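Next, two complexes with subunit A in common: one pairs it with subunit B, the other with subunit C.
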Partner chain A sequence: MLLGAIFAGLFYFATVVFLVGVGARIARYARIPAPLVIPTTPAPTTHAGVCARMFREVVFFESLFKGSKWSWLFGWLFHFGMLIVIAQHLRYFTQPVWSWVMLIQWIGSYASFAMFVGLGGLWARRVLVDRIRYISAPSDHLMLALLLAITGSGLLMKHVAHTDIVLLKAFALGLITLSWQPLPNDLVLLAHLSLVIILMLIFPFSKLLHAPGVFFSPTRNMRDNPREHRHVASWAKDLPKSADSADGA
Partner chain B sequence: MRRTAGKRLARGWIAGLLLGAATLCIPGVLFSDVAKPQIPSARGEQCVEPVEIMRRDHFDFMKHDRDTTVHEGVRSIKHSLAGCIDCHASRDTGGQFISINAEGQFCQTCHTYAAVKIDCFTCHAAVPATKVSQSP
Partner chain C sequence: MAQAEFETPTLNEWVSTPAVQRDAMAHSRPFVAKPEHQASLGFPGELVENWQEVALDKMGELLGRYRSLQVFMDACVKCGACTDKCHYYLGTGDPKNMPVARQDLMRKVYRRYFTTAGKLFPKLVGAVELTEEVINDWYSYYHQCSECRRCSVYCPYGIDTAEITMAGREILATIGVGQKYSNEIIGKVHTIGNNLGLPEPALADTLEGLEEEIEEDINVPVKLPLDQAGADVLLVTPSADFFAEPHVDGLIGYAKVFHQAGISWTLSSYASEAANFGIFIGNYQNMQKVAQRIRQAALDLGVKRIVIGECGHAWRVAYSFWNTLIGPFDFLDPAYPVPQHICEFTYDLNSRGGLKLDREANDDKVVTFHDSCNVSRGSRIGDMPGGQFTIPRDLIRAACTHFVDMAPDTIHEHTFCCGGGGGLLTDDLIELRVKGALPRAQALQQVIEQYGVTHMAAICAICKSQFSKVLPHYGMGMDMIISVHQLVGDALVFGSEH
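This part shows the complex of A and B:
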């Protein structure tokens, strides 16, 4: 019971830091001025085109595919493995379990291996490719280590050192209904949960902010229309008109 | 610039810590209890393993003993599925056995709760063997 209460407290703390931190980051990204029209060409000229481009970027990692096939392969395997695995974890937080969550349970086993392979490949790239190793900072390695440890401990629980998932689900339901329940006292589970808490805590201050950040990237979210529309940054609209003519003279 | 970023970070952590501590002060008992599977009671004295172990590893035991039986022909196994069903299948009001994988029955109640599919009973019987059905 004490263990459950401690982890419940840690989860609430991590959730607050995660939500407030990421929210503050998004607010900051949204306010950063984009004074110049700098979409990477060829770029769409319409809003619909920008939405389509962003969709391809987020779902298929289009520019990464054009840039580096190996990074794309491992990156895509990891990200979409993670998407399915996170969706699969909803079985712990829904009662009765949503029908589509039931349906994807079997894919989750494969998706977790895809995650593991993807992360392993991304890390191998940082170690084995000379020019990537040269530009890799400690945080690049540590984020991969953290994600790999989360995936590894999850796989270990599924295939080797099982935990009591019925008791675990009661704990998870207790978390979201503010009624603390005991947590199974299994070392691998506690490691898995602790690592997830660490991930939530450092997410708002880490390179993982590329997740919300991609939507604010001017090279991706701008239209290629500098001839049709003069682009004036919002702060520049307040400048006195005379400044323009003085420059032109 | 660095100092303001550091300050903002510190403020975020303090706010998070306070909010986290505040949630800990809410007594859990005030809120309704969470949904848990209602497991039907069993017959028999004692399970083949402690309950704690069975909850974590029953499928490994069953799969291991399936291999022992099917591949090596050993039939005197400790963790047989038929043994589970003998103790854990419930009877309805008419005294007939209910399938152990029916909704709300011993296997299904937890398996539905945890969204884990059971495929034992596409081949195996889900009720104890009775005199009528047993071969001579």
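This part shows the complex of A and C:
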């Protein structure tokens, strides 16, 4: 029971940090203007076109595909494996389990293996390609280690050291209904959950901000219409008209 | 500082990605701006005493003003997709010329002072203090980026290193360490009106000389009017077009087009420069002030349209930024886009049957086309996205029988910078310029061997100057590079002589 209470507390804390942290970051991105029209051209001229470009970017990793086929392959395997695995985890939080969540359960182990292979490939590139090794900080390696450990511990529970998922589901449902339930006292599970909590905690302070960031990237979300549409940032309106009177800059 | 001798890279069959060679270009630094060059732009004359504080304040200000900078500082995951995309990395092997590493020169300082992770665990996330060494790296490597945006094409988050280079240069200028080449030139535009410091009488004289030359050549009184109030079109073109080779033949081409179309036009001695180096140094106000002269000239001369001559970054500033900086253009004829590119203008005339072109005039040439980076990835020509690729090529095909493209991964949005853009077209950076031209020279060499290409046409004054200087290093003729409007001008048929 104590274990359940501790983890429930940690999950609430991590959720608050995650939501507030990422929310604050998004608010900042939204508040700062893009003072000049800088889409990477050729760029769409309409809002619908921008939505289509963003869709291709987020779903197919269009630019990465142009840039590096290996990074694209491993990156796409990892991200879409993760998407499916997260969706599958909804079975722990819904009662009765939503029917579409039931429907995707069968691809579960394929998806988690895809994550594993994707992460392994990305890490191999980081170590083996001299250019990528050069640009990697310790945190870049640790991030991959963390994600691999989460994926690995999940795979372990699925295929080797099964945990008591009835008890686990009661705990997960309890988190939502604010009635704390005991957690199976199982090392692999506790490691898995602890690592997820760590991931949630560091999300707003790390390069994981690429997830909200991509939607705010001016080279991808601006329209190519500068001749037809006048675009002026709020701070630029207040500038003195000439550099002569600029405040030292 | 004199450049040490250097070796021109050898051309292979294709561009191979070099192995990392640390500090291979650490010695490359352009001359620092003198106090007077700094002062006329509103920057301190020399390194300010509390430079660290001033630099960090400026960085904070820019992070709050440019969403690009803020998002790009956070979003990079070090995937490495950009690492083999920069022509300066491909030409030098210096790892700090990989776009992500160039960004990291600023990102590691950003992390140290502006992020929780970097404040608490600097070593873990690769955060560093803003030291003199870091500033030296900034000065060196933010002047090894031509702001060509090639990296931004391949980045999954659209991170554009040009935005970071611009911010880096702006911070450097703000603490008193500006670049001589760009700042001196901007000062000349502020006082005289063009990059060369060419005053009105000299300009008038040059244009008169050109008129005589054309008349001798083709026996047609083609004019190059200056300050002609009431003309329909104000043509603003890079000042290199007035005297440099091969640029001037492009200017003659524009004049012939106007002449045959019977459209009244004029140049302005007050705004005798399309180039706007304000973009290179990343300074909004200087860019605005340079552009403002053109708006003023258009108002003073009472023109109906503004047309821009062949110049890459000038076109990006004009097309993408003018409406923001110096708009709205409600005093011009709304029937035409503002501004209009000279290729757009000529293309429209030709498709409406307004020009008489004879391809045979260029039958001695096999032509390829170099897409300029700012036109390709920072702007557009025509009504449709991608018109910046098709319209110049259609013009060339209308004026030449023999046209071939270079390799697909070196043209259109994938085009390689000439190696001299972004405020780097200066002799104190000649080693960088030669090495940075490697990928383009490679692609050109390939079509020379395969198709017997004799000329490479371009629509950018910097590209033209750069190629005529560096192509000889690769064993190619300096006169290979020509203006698109030279081809058009030479193919124009006047009167009944045909």
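The rule is simple: the second predicted complex is superposed on the first by the 237 of 249 C-alpha atoms of A that agree within 3 Å, B and C clash if a C-alpha of one lies under 4 Å from a C-alpha of the other, contacts with A are read in each partner's own complex, and residues count from 1 in each chain.
Heads up, the rule we're going with is that a residue touches a chain if its C-beta (ideal position, glycine included) is under 8 Å from a C-beta of that chain, and two chains touch if they have at least 3 such contacts.
Please read these numbers as outputs of a predicted model, since none were measured by experiment.
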Task = Check whether A:128 is in contact with subunit B, with subunit C, with both or with neither, and answer first, second, both or neither.
result = neither
Inquiry  = So in the superposed three-chain picture, is A:101 touching just subunit B, just subunit C, both, or none of them (first/second/both/neither)?
reply    = first
Partner chain(s) touched by A:163 [first = subunit B, second = subunit C, both, neither] = first
Request  = Give the label of whichever partner, subunit B or subunit C, reaches more residues of subunit A.
outcome  = C
Message = Taking the superposition on A as described, I'd like to know which of subunit B and subunit C A:235 touches: first, second, both or neither.
response = second
Message = For A:48, using the defined touch cut-off, is the partner it touches subunit B, subunit C, both, or neither? Pick first, second, both or neither.
response = neither
Ask   = Which of the two partners, first being subunit B and second being subunit C, lies in contact with A:27: first, second, both, or neither?
value = neither
Inquiry  = Taking the superposition on A as described, I'd like to know which of subunit B and subunit C A:2 touches: first, second, both or neither.
reply    = neither
Request  = Classify the contacts of A:205 with the two partner chains as first (subunit B alone), second (subunit C alone), both, or neither.
outcome  = both
Inquiry  = From the superposed pair, tell me which subunit A residues show up as contacts to subunit B and also as contacts to subunit C.
reply    = 205
Key: Touching residues (chain side subunit B, partner subunit A) in the complex   = 9, 12-13, 15-17, 19-21, 23-24, 26, 28-29, 31-37, 52, 55-57, 60, 110, 112-117
Complex interface listing, subunit A residues touching subunit B = 5, 8-10, 12-13, 16-17, 20-21, 24, 91, 95-97, 101-102, 105-106, 162-167, 169-170, 173-174, 177-181, 186, 204-205
Query = Which of the residues in subunit C end up touching subunit A in this complex?
reply = 17, 19-20, 41-44, 58, 63-68, 70-72, 74-85, 95, 98, 100-101, 104, 115-117, 121, 123-126, 149, 152-160, 163, 170, 173-174, 190, 283-286, 288-289, 292, 319-324, 327-328, 337-339, 376-380, 385-386, 388-389, 413
Of all residues in subunit A, those that touch subunit C in their complex = 25, 28-29, 32-38, 40-45, 57, 61, 63-64, 66-68, 71-72, 75, 122, 125-126, 129-132, 134-140, 142, 202, 205-207, 209-210, 213-214, 216-220, 224, 226-227, 229-233, 235-236, 239-244, 246, 248-249
